[in-house]
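Order as written gives the chain letters A, B and C; numbering starts at 1 within each chain.
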Amino acid sequence: MHDMRFTIPPQDINKEHFAEEVADFNRKSALMQTDRGYKCRITNIVDLTGQEKLFQLRIVNPEERRLFTFLPGQFLMLEVPGYGQIPISISSSTNNQEFIELCIRRAGRVTSALFQAGEGAMVAIRGPFGSSFPMHEMSGSNVILVAGGLGIAPLRAPLYWINEHRDRYRNVHLLYGTKEPSQMLFTYQFEEWKKVNHIDLHTIVEEPGPQWEGRTGMITELLQDIDIDADNTYAIVCGPPVMFKFVCNRLEREGIPMNRMFVSLERRMHCGMGKCCRCMVGTTFTCVDGPVFDYWSVMNLQEAI
Amino acid sequence: MQHLGFSTNKLKIGSFDFTCCEGCQLQLANKEETLPEFLDLLDIRNFREISSERFDDYDIALVEGSISRSDEVERLQAIRKQAKILIAYGSCACFGGVNSLKNHFPPDECVHEVYGDSPVETLPVRRISDVVKVDFSIPGCPVSKDEVERIVVSIATGAMISLPKYPVCVECKQQLNTCLFDLGEVCLGPITRAGCNAVCTTGKTACLGCRGPAEDINYRSFRELVKEHGLSLDEMEEKLRFYNCFEEFRDDES
Amino acid sequence: MIYKVISKEEFSRFVDALIRENCSYGPREVDTDRHGNPVYQFRRVHSADEVAFDYTATHSSAKHLMLPYREELSRFRFSEGDWEQDIEYRVKPRLLVGLRPCDISALNILDDVLLNGKFPSPYYLAQRKNTFIIGMDHLPLPDCFCQSLNHHTVTKGFNLFCSDIGDSYYLSVNSSKALTYLKNFAIGDPTHEDDCRLIERRKLIKQSFQTEVEVTGLPSFLDIEFDSPIWQKWGDKCLNCGTCAMVCPTCYCYDTSERIDTDLEGASRQKQLYSCNLVDFAEVAGGHNFRPGNGDRLKYRYYHHYRGFAENANQQICVGCNRCGRACLADINPKDVINDLRMEKESCMICVSPSPPRT
């Protein structure tokens, strides 16, 4: 009955040359594995607030650990097997080959599972993905870093970068605002940043508690505290869209050109590879064209703010 | 979940029925291919349909049926007191269900029609959330065992649970079904919450909305399109009323 | 590409031999609608008799054969505090017969989007590479507008394409595999007369279009009209039901989810095709929805289709099959929405010069 002459032969794409051409993350060989992650062990968990924890991850395979490099501002997809994947910006130093740090707020299915996890838990990462802050372009200039709430998480990588190459940058200001004092993250590093790294750090809260002795108000008020040399300054602004809109408009009035201000956008993501379309903003994808955009581009993107 | 460093415990569960056909509970014992594993997740403390043993130390209560008698109110309140998680289970529990049809007729007439000359005490039908706080709802007539399994596994493994927010059309189109509107029927698929895998429409039966409204439905447009397709608004009304799921929208219209 | 001619009877024998030997899909009549018209879908076929070669249009596209509505991306096996991930890209070879030029164009667009970026999709590649495609031309339906988007003809993306030239088919043979199969049947080289008949056929198809959608300059129109009230107007009609995206031959947006097995010993990572019209398309953990309005979501479908996104070189991905327009219960269709958008601009009351008369 069978007439083999008409059988369509199977094609195994795993064997095809094509499979080896395209770069899957940093791994140049097993290229087609776009859904496979680097297996990681959670080596340390720091409780930051009731809402946020800092997870320290170590890639299990030494070869993969060596291959994993990223730039400040890039993000990765964190896989918690059985629970799902989420995009998370990398909060550690680009220089740190041993560990990756992720600052995570408990919000959905994946993060809730992660919050139950203990040290030694096995997860995976894919990435890094997306654009980064132009740290080289900024060298020789002053840098203003502005963070609102959890916006400090994506700022930590550029901050580490600056600290590690401190002589390349002139005055560096970090302006950090949260709603309540208890929500302020990484307070344990403030002294080090100020004293060792000579970062001009200013903090502010909207709703001060009885313990709070610092400034109270909106984050834009902190801009009054610093001298801005508009011709020679870059800004990195992270936080909710309303916040970076106000901050960037304010900085623009001070004379900083829009293409020297950088923001990081957040959207729902399922792939990180420009395929699922969930993170589209205007006509671009947050995952491949972003998450870091200069403010000029963001202003021109419909729906971004 | 050993790979994340925490263990899972069996769920101490009780299953209870009120005014209903007990068909949803029966679903718990369905789907043989995964039944042993499914039962392995549970420590059944109280479940009339499958065991004569009764204990009152359950953490999770599955409550099937609607409330139509005063003694049911007391029983339900006692269950609420014991349960850490109370789940409204099935369309009767979630929305009142078919039982609610009674509410559209004079009470005496209903009692007489059903019980003749030996009347019984009966109240207008209420859903579970009208009487006690409900932590989660699993709609369906009957509930989908696959969805129940997914939710039970989620609770057991400490994962957040959710229902699809989109309407049945998505799942129906995925089955390559012919749209029932094209076949001349009013189908509630466009406004009903998915998760049933479009089981009725795949069998060429119009959706009657047993899973309740999907999120952010466009009821006005739906009503318009029924008219524009030259189909009967009465038929639509009858279907909307069937499980008592769309009362809030029907009120908007009048 | 080489060209051959085959009689319709011989073609039928050829297709039958392929169908019987392989897992095959083709247009089948599955229902009769309330107006007495047949309903077609791409379904499994077991012999050439089951294929409705003269079908009008299938309600759904053949997209699901390349991009399954639901697909397992990978599996996790848990063991002793660790896990292993298994990924399979293997697909059994299939025959897909009866695709129209617009549907083949749609696959070419998906190729561009899914295979030509920095991150090609191995899942799609496996499906595409293992599908043998026989295309067939047809006379357009009254509401087809593929010509407006230049997708009424197709020159790549198939193994074999058949043009109807009366009692025989003019074959465009686009793979050596196809020619090898054809060699077992009575085929001939096209005569001068055959060539003429092919040109006549193409003319006829071209002249048969009754619907035209003006898409030139549409990308910039869309950019200018981002805040146009017409989105609200059509959004008010939209049911958010996702039907348009499901039947569309190019909508590829998706959702992923993970589910732990009932025995807790493994988990499955799954993909489901999604639609930008669905309410939670842009909703993030914590509940914030970046696109809460019906009109906003509807607009995005039009943006994706007629403006294109930077990631795929701003190309329009609509092929003009109008399946979404036919399937939409609320009677939203590209022709009306796009005309509305143009009207909005061209009949603007504050313009200094009068608008040109609409034809």
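The rule is simple: contacts are C-beta pairs under 8 Å (C-beta built on N, C-alpha and C of every residue); 3 or more make two chains touch, one makes a residue touch a chain.
Small disclaimer: the values here were computed from a predicted structure and weren't measured.
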{"item": "Chain occupying the middle, per Cα centroid", "value": "C"}
{"item": "Remotest chain, chain A as reference, centres from CA atoms", "value": "B"}
{"item": "Higher-contact pair (C-beta pairs counted), A-C versus B-C", "value": "A-C"}
{"item": "For chain A paired with chain B, centre-to-centre distance based on mean C-alpha positions, whole Å", "value": "42"}
{"item": "Where chain B and chain C are represented by their mean Cα positions, the distance between them in whole Å", "value": "36"}
{"item": "Residue numbers of chain B (touch at least two other chains)", "value": "1, 3, 5, 157, 159"}
{"item": "Touching two or more other chains - residues of chain A", "value": "81-83, 108-109, 120, 122"}
{"item": "For chain C, residues that touch 2 or more chains besides their own", "value": "78, 81-83, 259-260"}
{"item": "Chain A residues touching chain C - in the complex, by the definition given at the top", "value": "2-14, 16, 18-19, 22-24, 32-37, 81-86, 107-111, 120, 122, 124, 266-268, 270-271, 273-278, 280, 283-285, 288-289, 302-303"}
{"item": "Chain A-facing residues of chain B, complex", "value": "1, 3-6, 157-160, 162"}
{"item": "Chain B residues within the chain C interface of the complex", "value": "1-3, 5, 8, 34, 37-38, 40-41, 149-150, 153-154, 156-157, 159, 165-167, 169-170, 173-174, 176, 178-179, 181-184, 189-191, 214-218, 220-222, 224-225, 228-229"}
{"item": "Chain B-touching residues of chain C, taken from the complex the two chains share", "value": "30-31, 33-34, 39, 41-43, 59-60, 64, 69-70, 78, 80-83, 236-243, 246-247, 259-264, 273, 275, 278-280, 294, 327, 329-331"}
{"item": "Chain B-facing residues of chain A, complex", "value": "80-83, 108-109, 112-114, 116-123"}
